[in-house]
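One chain, chain A, links the two complexes that follow: it is found with chain B in the first and with chain C in the second.
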Partner chain A sequence: MNVEIRQMRTAAEQALADAFARHKDRLAKPAAIGALREAAFARFEASGLPHRRVEEWKYTDLRALMREAVPLAAPPDTNERARAREAGRFIDEAGARRIVLVNGVFAPELSDLSDLDPGLTIGALADRLSRADGAVPGAPGALDEDTAVSLNTAFMGDGAVIAVAPGATIGRPLHIVSVVTAASPCAVFARSLVDIGNDAQMTLIESHEGPADLAYQVNSVLQLAAGDKARLDHVKVVREGGRALHIGTLMATAGADAALNTFVFTVGGAVVRNQLAIVLNGERTEAHVGGASLLRGSQHADNTLVVDHAVPHCTSREVFKSVVDGDARSVFQGKIVVRPNAQKTDGKMAAHALLLSESAEADAKPELEIFADDVVCGHGATAGALDGELLFYLKARGIPQKQAEALMIEAFVGEAVEGIANGAVREALMQTVSGWLAARG
Partner chain B sequence: MLLEIKNLHVEIDGKKILNGLDLAIEQGKVHAIMGPNGSGKSTLAYVLAGKEDYAVTEGDILFNGESVLDLDPDERAARGLFLAFQYPIEIPGVATMTFLRTALNAQRKARGEGELSTPDFLKRVREAAGKLEINQDMLRRAVNVGFSGGEKKRNEILQMAMLEPRLAVLDETDSGLDIDALKIVSEGVNRLRSPERAFIVITHYQRLLDYIVPDVVHVLSRGRIVKTGGKELALELEASGYAQYQSEAA
Partner chain C sequence: MPAVQETVEQVRRIDVDQYKYGFETPIESEKAPKGLSEDIVRFISEKKNEPQWMLDWRLDAYRRWLTMREPAWARVSYPKIDFQNIYYYAAPKKFKAPKSLDEVDPEILRTYEKLGIPLREQEILAGVVREDGSTPSKVAVDAVFDSVSVATTFKEELKKAGVIFMPISEALREHPELVRRYIGTVVPVTDNFYATLNSAVFSDGSFVYVPAGVRCPMELSTYFRINEKNTGQFERTLIIADKGSYVSYLEGCTAPQRDENQLHAAVVELITLDDAEIKYSTVQNWYPGDSEGRGGVYNFVTKRGDCRGRNAKISWTQVETGSAITWKYPSCILRGDNSRGEFYSIAISNGHQQVDSGTKMIHLGKNTTSRIISKGIAAGKSQNTYRGLVSAHRKATGARNFTNCDSLLVGDKCGAHTVPYIEARNSSAVFEHEATTSKISADMLFYCRQRGLSAEEATALVVNGFVKDVLQQLPMEFAVEAQKLISISLEGSVG
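Let's look at the complex of A and B:
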């Protein structure tokens, strides 16, 4: 007699298993992808949804936070496509080329695919997945076994596939606009692949949004490979609706002498988990990894990252800031890994939280995992209320309390946003900050 | 009377600092308040500006005949009260120019005046900054961040010049200044002297009063004014020290 040792599935786990079975015909083909999905789903089945006893998910108990799994999103109909037209416009000033994903499905008719810069190609992941030889690159080390990534592999339907040829400088930023416009709760599993050749350069914006009152779920993966001497400026903006669950994963690798800058800005969503796994594979590469979160109500936002110094002479800077109001909770888990041969690594990580209410919470877990002996690495974390002495100084100059607070919050977030290279993007994010502060009253 | 302080009693964390302080200041006058460390000089400055940590247990402060005890610091500022801080605060991420403009427009708004246009504002800032030898680079930098002691104090005077208060309280503005900086700061203050504006110059040392010559000098000890005189009183104090006043007050 067999003994079932794994505990009973939660409703959400059962629903995911049912969905995987129900969509089996579609997901199993072609064979190579089908096998990849099977293996990924088996990993999920073995572990279930991560909970607080799983170290990487300690502060974001997905088993508790994800009470149910909603049905997979159906391909968007005409109305749903039409409603996507205005998505992502908050950052229009950047003049970016729009690549629109509606409910996770690449929508060429809403995207700007004309007059592509020389060396730039844009396609749909669905096309890649439908080919018998349509391989998808595997996840780099840190997230190999991650449950969210496994679920994404099992269910991924579509996304953007972007390639920049070696030596090409793409002057106009690209903007992957991910928008949910469905009328009923649905789950979106999208994956985009971005490949930047040696000596190539690009600015990539990624934004996520959806209806304010819909309990939808997004599991989005961006896989990014930057070649030697490549430069990538990546900014992700999470503006999901107030009931949304968003799990977004960035998996990036960089070659030698490259510059990899990524920033994640979170202002929307009920539960947000931004995972970043960055592997520096080539020497003398510099990575700037930053983020800012503005949270209120009962929002929960988690930035979890692993920056892996796999080779010597690389530099990385990680700076994350969060402003937490109401009953909201901000989580930061950051790890810098320095491999045994990665001498002369220079890594510094900082997380700062500004708590605006008595019930706001910030958890920070910075970690260094160093196996080399000739390195400079450090980390720091702070959490606190607005500085009373500073507030008094501003008020003594005639600036009323709320305005003084706003000025300080703007300055706090501004210091993080300042690191973004593109001025129009910085401007759009600071506008978002102003809007958030105005709504605070 | 521009300012009337009547029988003011102030505590912080249950500790009495001011014990029945009386002070009256007319428009256009410069009053110096001198006293030993711990006599309550800085407390007086903070209480006037409206710092919340201090509890007024008795007495009143009338500014232009109106009690300001229930007013927030920003409301007092808009009515024309200004405190030049002994230790100006650093404000990371807020450019000095932005700070000046935000403060000036907030005060104008509170008084029902319109915002200053950008050219008008810039003209005024450049003029005032130039006189205090504050360059454009300093105006672009975050308020007081990385400023030297002298630069911080000059920045306080710049704020005062821009905000045009009716009563300016200078809290130990001379502390930490070398002689050159002291001259620049004093000249900045003297330029702002006018029949409509009064000053309270709080200092431990007589030196500052060589440059900012007061009309009246008070000695503060153990939370009360124990002696009032003309500018010559400052010189006497320099010679004889504060010991006699401390024992008198005891």
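Let's look at the complex of A and C:
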């Protein structure tokens, strides 16, 4: 078990190395960004694709799940752009301003950039990267050395750059629609930067989708910085196609007296990994981190998060729920870190999994890492089937088995979705839950 | 409130040094040459007069060990261990399997007397009252001193009941078929780095076999003592409870105070067949090092129980207060249908101690149940980690687990961590896990202080309340001892 084995490069690792070499001309410029990419790719080369012996990837063995690396996506042509027009409409009720990324490329003509609220600016990452001084902020804390983030840094091409000026309240939600419309398998490396100034407020929706029968790969990073007294409501919806591999990383920092709410909803994709690294840098900040996954078939979804209490007097709440049917597998890894001086921290984390079939699997690892003594921290985790007695109660009142199950599942997921502030978004997600349940038959 | 009175007295009696078992017994000992090689393995095997198959088994383990690397995943840090700078075998000189206690070196007897371990049956039976007013209880003891077992009490009486209780080196000669059938079946030779090392060089330990239908008439216990300098202790314990039997086993350990670190890498294997039950309790009190973090024992132990039969049960209870570094995960493999595993633990760390401990409950059979209650208390500059796994196999229909792990922090320079792994592969499995971390509530302390308790007494009272769930699981004699230990470990942590 502990015998040292030197792994050979896998086919996927080789393909990534080839891609990096092939696109070198484009990736190496300007020099500052080129050096950043070089260093990031060197980190990836040193570690390779993470496997089950790498603690953070224990339950999502990427070396096994990512057998091959598909070619980098080419800039989208007219057809591909046209096909993106209807993406992300499921949540239209929220009346959000659309910012569309087609195959990872910012598409202004598909985006709604008119009449921007005062204090709001929206741009493309590609523009930022092409400037000689176009610095990209470094990754905060826990995911510094993460392989997926390193790969994203090495290959990132485009994304949205959003800034909210201090004191501005952006009334209309923003919706970053990430859609893959390519005809052949491709890899998308997108990165978006969101900067919310002191005292500013915003709601941000992020959705990911693509063709149902295409084996494409998405590695997306969202870097978020919220200033003092800022308020951000963020919802990410993963509706990728049935053969897609999606690795999405949220890296967020929050200042003092801020409110940071983030929710990740996973319903699509063959292999999905949502990574969240949240650093609370200012006192009295409150973070609510939630998630729900609805999985069936042979889907694999992993929610991995690290909430880092770096300063005193912060509060964090984490609630994750997963419903697992068929041969699917849900993974939850959560960690609350309380730094030595972060006294009076209040952290609570809960992870619940509902197993609907014989061969479903749920793995949970809710961790606490505490270095300060005057704190209240707790976590709870459960896994199990639907409560037989509740089912019986409903059936005794004439409700058919499937419908009774659906009622209970809806209530189970609803509890997590409830935490989302925006009513229209909540509604849209519950619609998705109903759709998922209807497809269950 | 007797607990409080006890605590107060105990605290008063302790020196600044806190560790009262740190004395050294001046006794000449015979050692194998320093370092580890095939020759040393042969030397140990020869010393023990072992059969050829055992030597082959050891050599196989040694060769495999050479290809392994030390595990690094635990949340502990320590300088690299030089495995060639340790004596792998040390036995009191003149030591030739004594027939009666009269032949045992009086120095050793005095050592055990000082540690409060009753080795004289007559004394126990006669109900002699000790100086401190207590009477020794009737417990059969196997005393292991460095690499050899020096005495085993109540052998005759146990024999009448059919229970085999003897040093494992003796069992290898007298009951080779039993040992061969079970050894290494729970913790395989190549299980992990330290277990493999132990398989190659283990020197002594206890062997217990409780035949079918027998309820062991008394508590069995082993007392481990590391005495020699620069030695490692590698004991191996094997307990088999045959169908429908029951045994309760206690384990205690201490070591002298030294500036260097000593290695203790034990393997404990428990096997319960149909309807059998083993209750295994440990009070671990190895030398924890001084207040600067110098010295102390590295306690790298592999303990695992296998519920092989239907309705089998294994229960681990541990009170961990000693050792500079603890790396220990007593586990249960719940193979038989309806089998049950339990783990009750109190881990207290102070000074510069590092604890990474927990359990594994592996549900394989149908309707298997397990329960984990873990209480970690970190004080001083120590780091205390709970690491546990609960998993249900595809076929483990109806598996059920309840886990509760709480941590208490005393002071602002220590750390408490929880790393639970929960793996459910069966939809009818029901797993519940909860954990909390907090500091001793100021309200509680204030309430106690108001009623005239000193800060230390109040802390000890609150802590005793915090760990009560676990203490209740200990056999009577141990519970009292454990309660005292808790106050020792926390002394000096207030303020």
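Note that in this section the second predicted complex is superposed on the first by the 435 of 441 C-alpha atoms of A that agree within 3 Å, B and C clash if a C-alpha of one lies under 4 Å from a C-alpha of the other, contacts with A are read in each partner's own complex, and residues count from 1 in each chain.
Everything that follows uses one rule, which is that contacts are C-beta pairs under 8 Å (C-beta built on N, C-alpha and C of every residue); 3 or more make two chains touch, one makes a residue touch a chain.
Given the structure is predicted, the values throughout are model-derived calculations rather than measurements.
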When chain B and chain C are modelled together on chain A, clash or fit: fit
Partner with the higher number of touched chain A residues, chain C or chain B: C
Which of chain B and chain C A:411 touches, first, second, both or neither: first
Which of chain B and chain C A:397 touches, first, second, both or neither: first
Chain B versus chain C as contact partner of A:389, first or second or both or neither: first
Partner chain in contact with A:373 - chain B first, chain C second, else both or neither: second
Contacts of A:357 with chain B and chain C, given as first, second, both or neither: second
Superposed model, angle subtended at chain A by chain C and chain B (C-alpha, nearest 10 degrees): 70
Partner chain(s) touched by A:365 [first = chain B, second = chain C, both, neither]: second
Minimum C-alpha separation between chain B and chain C after superposing on chain A, in Å: 14
Doubly contacted chain A residues - partners chain C and chain B: none
Residue numbers on chain A that touch chain C, as the complex places them: 1-4, 55, 340, 343, 353, 355-385
Of chain A, residues touching chain B in the complex: 389-390, 392-401, 403-404, 407-408, 410-412, 414-415
Complex contacts: residues of chain C adjacent to chain A: 67-71, 73, 190-193, 394, 407, 409-439
Of all residues in chain B, those that touch chain A in their complex: 49-52, 72-74, 76-78, 82-83, 85, 88-89, 91-94, 99, 102-104, 106-107, 110, 142, 159, 163
